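Pasting the structures in now, so scroll down.
Next come two complexes built around chain A: one with chain B, the other with chain C.
So, the complex of A and B:
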């Protein structure tokens, strides 16, 4: 296989596909703006703008031009990274996002870590001992927890862990006076940059509850996908062949059954990373954390159109990137997909 | 009583029964019912029967491969009863003393692991180093006629043809140098030309290595050329067991007779192919007496009342009242 060339060609094709998807998303966002009731110029100029000011804004934003020209202008601005200006902060949306995003990424990253460390071992054991007590407990827990609304779970955990038992802080990102100076915007990273161990621990302490709330809901999905996948694989013929070689159960599970049931888990966790950023709206609001969720929540509450649209575009871009990463991961895991993509040799 | 090349049995199965648990019920379903057989060192034995007769279940029972099956009786392998071993002890027998090749080579190979790693795995499990295991895997693949084997250790199962895959599966079984090879319909999923190749290969390898083979098939045509002894299974029991030539020439059990009649022959010009009337009974609905009696043209009253015992009949073992009456 001429590895590198083939891989870069694959990447190029996938990137092209991602670009197309984003174009579609941008068009949808544009359509949303056009279909929204109310005058755009009025919204951009603010609620107490005078008629003259509104007309000035209309001209400046090119809203007097034909719709098709507006559309092309909109796409052009997005390509240049211009998502408009927030009516609330009076800053370009992109610079607002760059301030709040690191905090969200921190939350989602830790939530993903908790999600997978919770779901994968339990999924494996539940499938291997399916029908036994542990499996039953896990399945009941998955249905119960997975069926809970995120905000409710957040409130209950806040009350029990934060208020009754006082093991974790109820909200916020750092204790008063503990935060390291803002460099990246993600408290844990900032603490690492500042070399401040106490601040790092404090930031983690504040992070654990919101990350766990986000993780628990998503890990029930991963658990079920993995359990179902593994149950199917464990019944398959080649697992019997592996046993016939004299392999131990752990070898059979880790070396054979697990890799063969990872595909749905990979796909799901890619989608989840995108969905988690969406769910951050709830979690960041409930826990009073900075981030794209809180930013969007405020933007919606204050009818800050460009801030909402910019955030939507951004979350869309993250989902596209995650899907790309999943495609690449699947390629690395499954030789059959490699052959299908690159045309393998057959003897 | 047991026709075999040497007197020393490698495996001796006594009163083996296999019950499969039923959902909800506490009593299992008896798939294999109290069978006896033995295989001598280097002997090739065919186990023949229709689908559902219990032949594959018997094969898996010998290796204790089905974790839910309940086994009872005795399986003596070189003097140790496999049914009394712990799962961990049993693992030492699998792959190194007893190995298995399966029906459909594609579904019995891990699609995500290279051929080289899968063949070498049997050895790696036993603590043999990576380089040494690879070397031995390569030599077995070479022996089995996988061309350009060295280059293809890194290939995946989907990159091989059916016949080549079956060679890989065979290599996987042979690399641990077993004494008994259980071949569970290894040619059924292959086309006729490849079937012959694989049979020749199996014949070759077992002769060269002095390997005992338990060959499971529903295809009597394959049996004659390969096995020395044939055991016929019907509804979970062995109904006839004897030398291949003797059984083909003079089948004692009406079921065996029917099976042999049902093999199409090129030298006979028949209007219609023969088939045994009826179908084998389901394990939950076995008739009283001999399980074959509803399909048997020679059945008489005793067949409908009493299960025939397996008795010696002129150097064979047969479970049929017809022969019991003669002998008495």
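So, the complex of A and C:
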């Protein structure tokens, strides 16, 4: 009974924080719009708009009203899903983004899979054999890879694996004529829908390097968090008890130590999923993939500021929702939250 | 502070001595700083002009890291860029640390509602992807190095504010603060003269790691096109400018990227070293 009340308290707090964050984000984007040099109506109407068109836009956006009314109008438009209009495609930013979103999600999903399959086993072994050669190598690799610029690693691997060794395609999402008809916008999923095995393999082949670049960079964080967490758990008394009762090393690690150190990994991977969408800006452009990142990059290059700001709003909102989902997942996974979070503040 | 002075015995000292690896990191950081301060004075003027006849030459004795598409020496452009990159990063970290310190002090000293409001504001800042928000600000203000620096300064403070506010709350519970209160020291003076100076050393630890991270983000923003613009020797802008030549002249892309990576890693490791020396129980990560 109390448990249920605590759950709903926790959920309410988190929902409140998510709503607050979205409001803060919208306010920041409004501030960005106001910081843009020049006449906002002129900018929104496009470079070759006539005086009449500019006035129409001024009217529509309520730019003659006091700033506070403009702000409220802006929040209202965001709530209705109007994230601005691109000056290049002349489409609402949100509809532009919804076209490329599945492609980015595909990239982030595969990157996350590679990320976890890379970081969790290495983290476990490094913690278990801490101080040994394997641990040292992993830690050096984590520090080195963690300091590399994403776009640079992408460029170098693209050159070495794509142009020199030709093990992966240099860029794009599918070979010429190989792509399955677009249904969802995510090439692998489209191939599955079409039941086209060759197209699926081809899409995967194009996806592997961009996803691996994102995964490598982010796995260093998961590795560090898991290793540190496990080292702490392995020192605790209950592990000695598990040892004393005669459990094997692998059972001790996987059944007892790991579940007690996975919580930070869960939180971190949720935050990472959001951050990966941000890093996709850097990786998608290098590999000429469709996606939110590439859309944003092109918008910057074409000075399409409204499209950039709409994308900022969108990515920020996705990250907020991701954080909320992680909090809820954590609640389901870790019973300790019940006591720790009740009435308490975030650590 | 107290831990170090309490451990004046010889064996403890030996434990605090720098390992060869630590020394190497510190030397590397010093070399980078020296390059940033003095490097541009030694750089030949030819790195700012183009010499098409000499373009995209591979590394040689004359051009250690080769030349770029304009025939400019890649090595000396990196040295010249070190100043832009490091100076900008120092500026960004200093600016957001100042914002963070101010917010933390006001939150720790102020009434409960103000503390709550500022910490929720910090929560918002922490929950948002800072690079994307910085990208938005820089794009809105008009892409330039200055825009990128301002954008990173206004998005970087939340971690500092959160960390410092926690430490200051802890410091406020120590006995010397209670003593000062008994003596009738005003709240403002108590915070600025007693609590804040005794909480700041945590920022010194954070500082080096922050520089490393800022170098990365700055290069990324420049690469996207909202930071320093291509003729600038800033490293991210250099990579953006040389992108198209990666398959014909790898050195134009690999070298500036390696510079970013080495700088970021060196400052990150320096942060770890300072942290371990402050609190040897951590034993490094």
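Methods note: the second predicted complex is superposed on the first by the 317 of 347 C-alpha atoms of A that agree within 3 Å, B and C clash if a C-alpha of one lies under 4 Å from a C-alpha of the other, contacts with A are read in each partner's own complex, and residues count from 1 in each chain.
Please note the rule applied: a contact is a pair of C-beta atoms (placed from the backbone, for glycine too) under 8 Å apart; a residue touches a chain by one contact, two chains touch by 3 or more.
For clarity, every value in this text was computed on a predicted model and none was experimentally measured.
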item: Fit or clash between chain C and chain B when superposed on chain A; value: fit
item: Chain B versus chain C as contact partner of A:33, first or second or both or neither; value: second
item: Partner chain in contact with A:308 - chain B first, chain C second, else both or neither; value: second
item: Which of chain B and chain C A:203 touches, first, second, both or neither; value: neither
item: Touched partner set for A:152, first chain B, second chain C, both or neither; value: second
item: Where the C-alpha centre of chain A sits as vertex, the angle toward chain B and chain C in the overlay (nearest 10 degrees); value: 80
item: Touching partner for A:20 - first (chain B), second (chain C), both, neither; value: second
item: A:230 touches, of chain B and chain C: first, second, both or neither?; value: neither
item: Partner chain(s) touched by A:247 [first = chain B, second = chain C, both, neither]; value: first
item: Contacts of A:260 with chain B and chain C, given as first, second, both or neither; value: first
item: More chain A residues in contact - chain B or chain C; value: C
item: Per-pair minimum CA distance [chain C against chain B, superposed on A] in Å; value: 10
item: Contact residues of chain A, present in both the chain B and the chain C interface; value: 345-346
item: Chain C residues touching chain A - in the complex, by the definition given at the top; value: 119-121, 123-125, 127-129, 131-133, 135-137, 139-143, 212, 216, 219-220, 223-226, 236, 239, 243, 246-247, 250, 253-254, 257, 260-262, 264-265, 268-269, 285
item: Chain B contact footprint on chain A (complex, rising order); value: 236-238, 240-248, 251, 255-256, 259-260, 333-336, 339, 344-347
item: Touch list for chain B against partner chain A, complex; value: 60, 63, 65, 91-96, 99-100, 102, 104, 107-113, 121-122, 125-126, 152, 155-156, 158-161, 164, 169, 172-173, 176
item: Residues of chain A that touch chain C when the two form their complex; value: 17, 20-21, 24-25, 28-29, 32-33, 35-37, 139, 143-144, 146-153, 155-156, 158-159, 163, 224, 228, 274-275, 277-279, 281-282, 285-286, 296-297, 300-301, 305, 308-309, 312, 315-316, 319-320, 323, 345-346
